[in-house]
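Each of the next two complexes has subunit A plus one other chain: subunit B in the first, subunit C in the second.
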Partner chain A sequence: MTNEKILYLGLGIFGIVGPMLFPNYTLQIAMLWIMVLMASTWDITGGQMGYNSLGNITFFGVGMYVCAAIQVSMFYDLAEYTASYGAIKPVFTESQYFIGLILGIVAGGVVCVGLSLLLGLAVFGLRGPYFAIGTLGVAVAMREIVTTMDTVGGGAGISMPFLPLPIEYRSLFFYVLCFLLAVAAHFTIRWMFSTQFGLAANAIRDDEDKAEAMGIPTLRYKQFGWAVAAFYMGCIGAVFGNMSGYIEPQNIAFPLPTFGIFMVAMALLGGKGTLWGPVIGAIAFHIVKETTWTYLLDWQYIVLGLVLIVNIVYFQQGIMGWLKSMYPEKFGIVVDKSTNVSKGDA
Partner chain B sequence: MFELLFVSAPIMNVQLLLEGIFIGSVFALSAYGLALIWGVMNVKNLAQGDFVIMGGYCAFAVYQLGIHPLFAIPVVIVFMFCFGWIVYKLIIKRVIDHDMFVSLLATFGLSLLLQQLLNLVFGPEVQTLDSQYGVFLLGDFVTVPKIKIISLVIAAAFATAVVIFMKRSRMGQAIRATAQDARAARVLGIDTDQVYAFTFALNAAICGVAGVLVSMIWSIQPFYGIIFSLRTFAIVTAAGLGNLPGVIGMSFVLGWFEQYAGVLAGAEWQIAASVFVLIGVLVWRQIQARRHRQVVR
Partner chain C sequence: MSENIIEVNNVSKAFGGVKANVDISMVVERGSITGIIGPNGCGKSTLFNSIVGYHPIDSGSILFEGNEISHLVVGDIARLGMLRTFQQTRIYGEMDCVDNMQISVSHRPGSQATMFASRRGEIRERAEQLLEFVGLYSKRNLISGDLSFGQQKLLEFAMALMNEPKVLLLDEPTAGINPTLINGLIDRLRRANEELGITLCVIEHNMRVIMNLASDIYCLSNGKMLASGKPEDLQNDPRVIDAYLGGH
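And then the complex of A and B:
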């Protein structure tokens, strides 16, 4: 489809040229890719399978903490480091830092996959709104547990090691990581939904009992979908932790009332259950978020809450759904004008 | 801690059990409200806890004028009733026919909005309203603040009033009829839209009263709402809809569980404990459902 090529070209050029044109906004654009990744991975279970999770943010925080723990504990005693509240200044050589970072990001993803498989056993029997509440409960529980764990700093958090590169490369370095992860996630999802997995996922969304009766191992599909989401959420959490330089459970690692719900809002705004919906929704939402942040400051979250409510109440089909109903022929939906004629013939 | 509770000072158990009842009575109020709207209109309100906190802050506003928070209760009932009515007309009415996740998400958006609004207006500090009633000693060790007893009485009286209202009044009958079969009720001339609006507003008022009590016997903070919502969900899911004794009993059980978890595992585990109860209840329900499906098979 040519439209899609134009989108890829536009986003690709923006992704590469954007930070060069607006060097002061590099981290904001990095946030945009993080939000694209969050919304797209939420959509694997949320939009395509009908399992609306409110707790995907769990993996974001867990990945972040796993990565931080590995980076620090490879060369320091973790408990001692966090207990010192930043008195111990970590000095890493370049190779130490990058080995720790890469190991941390991968481990963050892998641990989240394991966690999602375990949690999936418990929560995937729940249907509909119970699943949403159950996963929300998981996220809140994880936040409280991390807050009580003193080895990882508890409520006070951990300050992350510094990037051993000149300071002007710092934002660019994390930008590249975020962009690459978002692209990887997008193409993984694209590939997943071009295989049999996509059909099975949509069958589960439409009628799970029938899908099961047809012999689809629904639990395994649900777990696989969630595990992919968890892997990317864990990796991006690990990157985000290093990007922000300081992590703590309440507002950065498990930001339940903000990013935890924004990712759902973005997927819905763009149109859930489509490949491009979450991407477009995330871009639109990020623009609203940044403009309200600039002009309204304290009222930002109130405006965002309003956007969420208005979106759900009055604009449920999302941008993609709206486009589809406006221009059906661009989506390959053929409006068969010959039906009336052929009826006469037959 | 274990030793302290059961060997050296068993009297502490009495204290914990009493605290559990006082807190549980407040949980029971908001859980009853949730069971009401869940049963009548099939809306799951994730802003339930924020309604509670909002009621508490209404009392706080009245308290700052120099009026005793107990006198805030009538004001809060009227205010929250109107607020609930407006929320129904603007939001709930439009999501009621859609699938349940939509109502869940819409109310989550509302919850976000209320949190931030309260944070802007009243600031992020933890507040406790001082009722100046002093404490009263039960035996030598157990201290009971008088306000907690008063709040228990108020909660019981208010709950009784609501139950009697539901049983006796014309509106109560209409609500119960709508809960049984909305279509039949509509055929018989009941304006179900009006009934839904009233039910939701009543729920907001009940939460408001619970909030006033919480602000006096515990503490309120703009971001405490979500935990309250999860607690009420745990209670209602465990007790089942339309099971009033179950709701009250489960509220006390949750109150006790939280108190014991707070003492045995440390105060910071208290919130996590209530979430574990929720997850436990959901998983237990799931096992039940699976057994049911197997029987059907």
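And then the complex of A and C:
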């Protein structure tokens, strides 16, 4: 059995059995899958294409708000609902709730795809640090725009409809959604990068001007990669909004200083530009984060900062990159052992 | 064999006060090997960059297969079937040689490069055949950035062939290549021209190479077209000798 199969088996078993064994931690494990999804989708452009976006959190928030707006406005007047600051206690029947939720999640993803294609036209003209700052600007702008939109509650946010199931199933219900989305995202990315798309992405990372000179329509590849990330970020944002029960722009929908940065940190920790790096990085990061939050409260950000600094200064290749350089043969990388490299057989 | 695949008419290009190209005209016949020579800084690479759309030209026109292309950008021109290699070799340094080859398939309309095409099968076979053709087969699984400079040049040439271009513009293909490999490279350039039917346009400083290879040669000097003709004519042209072949 290969290492990868062991990983799949282990994570699969944990994903299914975890919430049964540790029912009190169900939402914590759900957060873990959300972070795996965030890091993995960030890596499509960030790691594989060399376009380090700091704005992918935009799609998380937009997906969340689109979903909420659809869930509410299908059966109530959205503006009236939000203006009441939760005073209207709407009752959603089971079918109303689930139809609204499913439509909302899908629409959250689809709207984000459209948004990413549009934004991509502008920001993919930027490179390197300019792209990072440009996308960060997009996220900040989106957060401020939503904060001023009264229809969706502005800074006060929206109280989400209640899940019409017995309360003890609530965590498990959202857990399943998070897990399924993370699995779907993982296998989408896995498939994408097993095709010519993966090579084009890496070519753009290594030398975009050369790729362009070879006729690769680089903008289309970048847009597509970002759109896939946007889709899953939109969907997971929609689920997260319902999971938290209440959404507002500053800390829940567009959490720039936390998840906006965490997703990048996780991918870097695990090793960017690899399929498993973001997954492993997210797991490691989540463990460090939860441990420090539990045992080192008040010091948690200092510990996380230290991890980040050590990672960026001394450990840039990340866990997967380090494993690759230690055991290249296990990753199918061939190292030329002959010392006389200039002697070709031409 | 008299059809012109590239026609450059009165092209000028200046960078600020530096007139890199002044009123340049030249043609490349379909199926030919055309050479461009001239001293360093005479505007050869600028001319190349103008032809492939790397920068807009100030005046003049450039026709590819009879169509004006001077307003198009690099990617569009590459997808029409005109490729260039770089003087400073450019490959995808963190990918292995086969991957470098596979992603170099043509992106022209109707070609086999769709976004999610399989990496196995026909594409891979052709990639390996071409690596064999340039003599890099035994290195095919190495990370290309670890190859020597000369090998990277060969890889870049093979990548260009993978793309099946109609015209290939080569910027100093033999610069930095071990002299013992140069004959092999000339042979491969000629075979690419004859067997694969690729029109070549070559910038070259190595006189032995270009005089052997090219059927027509253009000589630039100080951004202007100094002389053109058959290799033997140019070799005896006093202006060319004075400007380039060692008047000083």
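In this text, the second predicted complex is superposed on the first by the 332 of 346 C-alpha atoms of A that agree within 3 Å, B and C clash if a C-alpha of one lies under 4 Å from a C-alpha of the other, contacts with A are read in each partner's own complex, and residues count from 1 in each chain.
Throughout what follows, a residue touches a chain if its C-beta (ideal position, glycine included) is under 8 Å from a C-beta of that chain, and two chains touch if they have at least 3 such contacts.
None of the values given here were measured: they were computed from a predicted structure.
**Student:** May I ask you to decide whether A:Ile309 touches subunit B, subunit C, both, or neither, giving the answer as first, second, both or neither?
**Tutor:** A:Ile309 contacts subunit B only, not subunit C.
**Student:** Of the partners subunit B and subunit C, which touch A:Lys210 in the superposed model: first, second, both, neither?
**Tutor:** A:Lys210 contacts subunit C only, not subunit B.
**Student:** Quick one: is A:Asn202 in contact with subunit B, with subunit C, with both, or with neither? Answer first, second, both or neither.
**Tutor:** Touch partner of A:Asn202: subunit C, not subunit B.
**Student:** Output check: A:Val138 vs subunit B and subunit C. Expected answer is one of first, second, both, neither. What do you get?
**Tutor:** first
**Student:** Considering only the contact definition stated at the top, list the common interface residues of subunit A for subunit B and subunit C.
**Tutor:** Touching subunit B in the first complex and subunit C in the second, no residue of subunit A appears in both lists.
**Student:** Where on subunit C does subunit A make contact in their complex?
**Tutor:** By the definition above, subunit C touches subunit A via 52, 74-75, 78-79, 83-84, 86, 90-96, 99, 102-108, 113-119, 123, 134-136, 138-139, 141-143, 146-151, 154, 159-160, 163, 178, 181, 184-185.
**Student:** In their shared complex, at which residues does subunit B touch subunit A?
**Tutor:** These residues of subunit B touch subunit A: 44, 46, 91, 94-95, 98-102, 104-106, 108-113, 115-117, 120, 223, 226-227, 230, 233, 237, 266, 268-269, 271-272, 275-276, 278-279, 282-283, 285-287, 289-290.
**Student:** In the complex formed with subunit C, which residues of subunit A make contact?
**Tutor:** 192, 194-200, 202-203, 205-207, 209-218, 220-221, 224, 332-336, 341-342, 344-346
**Student:** Where on subunit A does subunit B make contact in their complex?
**Tutor:** Checking each residue of subunit A against subunit B gives 52, 54, 122-123, 125-126, 128-130, 132-134, 136-138, 140-141, 144-145, 147-148, 256-257, 261, 264-265, 268, 298-299, 301-302, 304-306, 308-309, 312-314, 316.
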